[in-house]
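One chain, chain A, links the two complexes that follow: it is found with chain B in the first and with chain C in the second.
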Partner chain A sequence: MNHAKKAEIFNKDEAKVNWHDKALWYVREKRDNSAHKVQGWEYLRELGSAIKANVLSNLDEYLIQFETNAQKNGIKVHWASNAEEHNNIINSILEKHNAKKVVKSKSMLTEECHLNPFLEKKGIEVIDTDLGERIVQLAKEPPSHIVLPAIHKKKEEVDVLFQEHLGTKPSQGNPEYLVSEARKHLRNKFLNADVAITGVNFAPADTGGVVVCTNEGNADMGVHLAKVHIACMGIEKIIPKEKHLGVFLRLLARSATGQPITTYSSHFNKPDEGKEMHIVIVDNGRTEQLGREDFRASLHCIRCGACMNTCPIYRRSGGHSYDYAIPGPIGSILSPGKDLKKHSSLPFASTLCGSCSNVCPVKINIHEQLYKWRQVIVKEQKQPIVKKSVLKIAGVVLSKPKLYGFAGKSARFVLKHAPRFMIYNKLNAWGKARDLPEVKNENFDEWYKKRNKNG
Partner chain B sequence: MNGTKKEIKMGREAILQSIKKNKPEALPMPIIDESAFYEDIDLLNAFKSNIALVGGTIKEIDVAQIDNELKTIYPKANHIVSATSKSTLGTIPFSKETDPHLFKDIDLAIVEGEIGVSENGAVWVSNTNSLVRALPFITNDLVIILNKSKICIHMLHAYDLIKDRDRDFGVFISGPSKTADIEQCLVVGAHGAMSLTVLLI
Partner chain C sequence: MIICSVYYIILQLFKNKQERTGHLRINNRVISYLACKKAINNNKRMKVGLFIPCYINQLYPQVGIATLELLEKLGVDVYYPKNQTCCGQPLGNSGYEEDSKGACRLFVENFKSYDYIVGPSGSCIYHVKKHFDILEQTQDVINVRNNAYELCEFIVKILGRTDLGASFPHKVGLHKSCHGLRGLKLGSCSEVMGDHYSTEEDLLNNVKGLELMSLNRKDECCGFGGTFSVFEEAISTKMGKDRINDHIDSNVEVITGADHSCLMHLEGLINRNKQPLKVMHIAEILNSQTQV
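Our next item is the complex of A and B:
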């Protein structure tokens, strides 16, 4: 099913779509406020981008340096060419320790590698411990956003899920009650886990350690209680120096949620005494993407989610419509490199407004890459894989790039000036018979504040 | 096991080869001009307001007053772990060998922080400070004692200050644990500490 079809399904619940749209726009506004407070923000983005470009141009050397330093500190380093190798390595570590219970903190990579179903088939209990991820795990769904995994779920749905799985009392979706119950439930899991798996946000080559950022403290609760820590990272998580964290940690949380930094930025450099620490370095298509000059910069991504929050299409189509581990604009430029045929509709799930590129903390030219993927797809794919209707819309946009797409300085500009038919067209499932989302919604702020107070 | 080991080796060589083949021409590592981030601000005030912003509490007090202050803030705390000589309130003796699982029901942990960052209210706590790595996370409430002369302007400066440490485990903590995963409603107290108090001395 292509993106537009899936988006149509998401759009069946109009009230929910409106909420989703506004909630994410609100996160985008928080990002703006937070970024504007930082002296030299644009320079910081330039640095982020330039450091990542340097990393990619010297990635093999940095990886070797990283490995040497990690090993010096007693960390075991593994390399996996693809998802299968990644999963097998993890399984062999678990087998060695006879581990049956695993707690996992957020890792889009393990999602990409479908680690959970792989381990579950082997009789291993894998518990996602980030609250949003736990919610979608209980619902047997994939995350719909890389930072806000359960953003597509209403609190009443969470209430019902928790009643069913955690035995909670009906609370009409009281967030404080639900969070406190989840805390109890997951504490128990942390205390009994054999192995903790985490993702990696940054891996400085000069220290050979890994840095993991969370707000909930779930990565640390897992790692410090279990006897084995396995950290999984894509090759592009490398940064040259620890000092560069001073650039990336300033960018990450502000771009993601508008916080000045995540609650916890944990630096794992050595296994704790009597414990083991493993790092699995994964390729899984990344080196191939590295070779594609036009799309290389997509590997700069630090997974902040800002491009999703700002994207008018993502906000009104939901993460599941992308049908890829990483949804939204960044997912739409990463996924065609993995499977051009399967994901051929994704580069068309965009108005090319450029808002994603404008907010990206590492300055990935996302909208230009979307445009370039379209050219590749139109050339390589036969109809009807690329739906005529989608192409028609794309055609209109592409024929006047100056007018619509690349002229866009910001989402506001584009939403204000883009022709209605482009975003809200009969052929276009994202906006069928719908008014433009309010560009700035004062009511939402008030409504949100009220809702926070009432819990 | 042998088979697995061989595969792992292949993974490594294959990845490095593929990078060599696909990477672009060398691009320079940028030199960071930190003067671009300079701001003439009151570090202490900015630090205080950022701690409040991230949901923490902050108080300036005299070292001699720490115990009294904590008794007032946490009158109900029974199971207390103190990893600092600046407080005598600890009720649970421990060492760095203590199994962290034994801390599962503690009410309060008191640790020292090494540096504070004014731009985001974060405090650096290493395992030298907490002895047991899990301590600042597993406790119900967390108190960090910080010398106010140790506040720096931003993260780049912070990394200069911790660069010569013995690298083991360390964490920047900014506020209590929190989540907004249910409908974007901010709830303080996720898996880590439910509250954070920073005592500036």
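Our next item is the complex of A and C:
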């Protein structure tokens, strides 16, 4: 099912769409307010973008430097060229420690690699410890947003879900009660976990450590209690120096939720005594994207989700309509690089309004890349015959003024004189909810000719 | 100077003859006389090519008329090149950029000899400036891309005018179209930190009797998006409805903007739902002489 169909289904419940739109717009406004308080915000974005561009141009060297420094600190570094290798590496670490219980803080990479179902098939319990992620995990759904995974769920729905899975009492969606129950439930999971998996927000090459940003402290809680810590990162998470965090930490939280900084910005630089720390560095299509000149800047992304919060389409179609681990505008430029056929409707799920590019803290030209993906998709993917014929013919007509004049006249004639049922029917998607413009007696050309004659 | 004067006399004779026969035509020679005269006065000569986008030509001639009249009122020598079709945007935005090259080449051919190309549509002008990179960058193509201006921008930046002497005693809501706002930077965007400015507001605030209403979401997309409006119909119409409600909640009587494609989409919804709102292109308001 393509994006338009999924979006149409989401729009059957207009009240919910309104609620979803308002909830995310609220976050967007918080971001605006908080960015306004930073003098030189636009300069900070420039810096963030430039540092990321530098990283991408020197990735080979930074990665080796990062590995060397990590190993010096006693961290075991693994390299995975794709999702399968990533999952197998994690499984082998778990097997080595005979681990059966895993707690995992937020990691979009493990979503991308479908790690949870892979491990669950092997009889391992994986508990997502971020509250939003735990909610969607209980609902057996993927996250619908990268920062706010359960933003599509109302608190009343969470209430029902918790009653079913955690045995809570009905509370009409009382957030304090639900959070305290979730905390109790998760505490138990933390205490019994064999291994903690975390994502990585930033990996400074000069320290060889990783930085993980959370609001709930769930990454720290997991890592400090388990014997083994596995941090999973895409190759693009590298930043050259630790001091560059001064740029990125300021950009990240403000762009994501409007906070000045995430509640926890945790630096994991080496394993605790008697414990193990692993870092899995994953490619999974990133080097391929790096080789696509028009699309490489998509790898600047620091996963703040600001483009989702601002996107008028995302806010009204929900994250699940994108059917990709990373939804919204950024997902629409990343996913075609992974599977062009499957995700070919996503670059069209945009009006190219450009708001995404304006909020992006690392200045990814998202809407320009959407435009460029459209050109690639039309060339490389089979297109619906009607759409293709109409646009191809339009191309010819618009290059020939006489033909265009005739076509314009005919179209206006039909619009003016045809009976309503011929114009407003199933074939006319425009006319489903909108009237067509009222056709005037003459077009501008005709008026102009007449005026010059009479003038 | 002398040549111009001789030219003037010849043309004057020609004009008189035409007037006598009652069939004066604003032909190229008359216009070049005017330009010539202007050159004497201003030491420079400005030739403006009027670009009327395809959908305005066919469906909203009144917008084209208002644009032409307004520019003439402002003392600009406006030429309307025949053989205009379209800038190619509908094709490019749908992924058929390759097929739009014929239309783009025709556009350049039509407008290459003008100092400025002015059109009442931000998104079409943006397409010319931004996406004519698919053509070989000859001097003509480069000139056309550099000299293409959206109407409001041309009036404010090139002519240096904001008070056009218009009057329009209504409560007006401004729809800031994305391609004009974020593409051509006709104004500051709510996402970008910096000082507030708006080309369209500068013009509207100088219209007598006009009350510019403040919106809740100042620059959210209306959901038109070209073929998006058809292929993502559900979201497109929902976005449009939400925009309209924002205007209604802000007591707007007339929605205006510098891009009639957005307005066409909003008007389609307003008419279908019989809502108490009127839709007018900004050129119509700026050209308006309604008495307060």
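Please note the rule applied: the second predicted complex is superposed on the first by the 384 of 455 C-alpha atoms of A that agree within 3 Å, B and C clash if a C-alpha of one lies under 4 Å from a C-alpha of the other, contacts with A are read in each partner's own complex, and residues count from 1 in each chain.
Just so we're on the same page, contacts are C-beta pairs under 8 Å (C-beta built on N, C-alpha and C of every residue); 3 or more make two chains touch, one makes a residue touch a chain.
Source: prediction; values computed, not measured.
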For A:374, using the defined touch cut-off, is the partner it touches chain B, chain C, both, or neither? Pick first, second, both or neither. second
Counting only touches as set out at the top, which of chain B and chain C does A:366 meet: first, second, both, neither? neither
Figure out whether A:310 sits in contact with chain B (first) or chain C (second), or with both, or with neither. second
Touching A:25, do we find chain B (first), chain C (second), both, or neither? second
Of the two partners chain B and chain C, which one touches more residues belonging to chain A? B
Quick one: classify A:190 as touching chain B (first), chain C (second), both or neither. first
Is A:124 touching the first partner chain B, the second partner chain C, both, or neither of them? neither
Thinking of the overlay built on chain A, is A:154 touched by chain B (first), by chain C (second), by both, or by neither? first
Dual-contact residues of chain A (chain B, chain C) 38, 448, 452, 455
Touching residues on chain C, where the partner in the complex is chain A: 23-26, 52, 54, 56-62, 64-65, 68, 80, 82-86, 88, 90-103, 105-106, 131, 178-179, 182-183, 189-194, 217, 220-221, 223-240, 242, 264-265, 267-269, 271-272
Chain C touches which residues of chain A in the complex? 3-4, 7-8, 11, 14, 17, 21, 25, 32, 35-36, 38, 41-42, 310, 312-313, 316-317, 348-355, 357-359, 371, 374-375, 377-379, 387, 391-392, 394-401, 404, 408, 411-412, 429-430, 432-437, 439-440, 442-448, 452-453, 455
Taking the touch rule as given, give the residues of chain B at its contact with chain A in the complex, in rising order. 1, 4, 7-8, 10-12, 14-16, 18-30, 32-33, 36-39, 50, 53-54, 96-97, 100-101, 104, 117, 119-122, 127, 132-134, 137-138, 154-160, 163, 167-187, 189-193
Show me the residue ranges of chain A that touch chain B in the complex, using the header's touch definition. 23, 26-27, 38-40, 43-44, 46-47, 50-51, 53-54, 56-60, 63-64, 73, 78-81, 85, 88-89, 92, 129-132, 135, 148-151, 153-155, 158, 173, 175-176, 178-180, 183, 186-187, 190-191, 207, 209, 215-218, 220-221, 223-225, 235, 240, 242-243, 245-247, 249-250, 257, 259-270, 272-273, 281, 283, 287-288, 290-291, 293, 296, 448, 451-452, 455
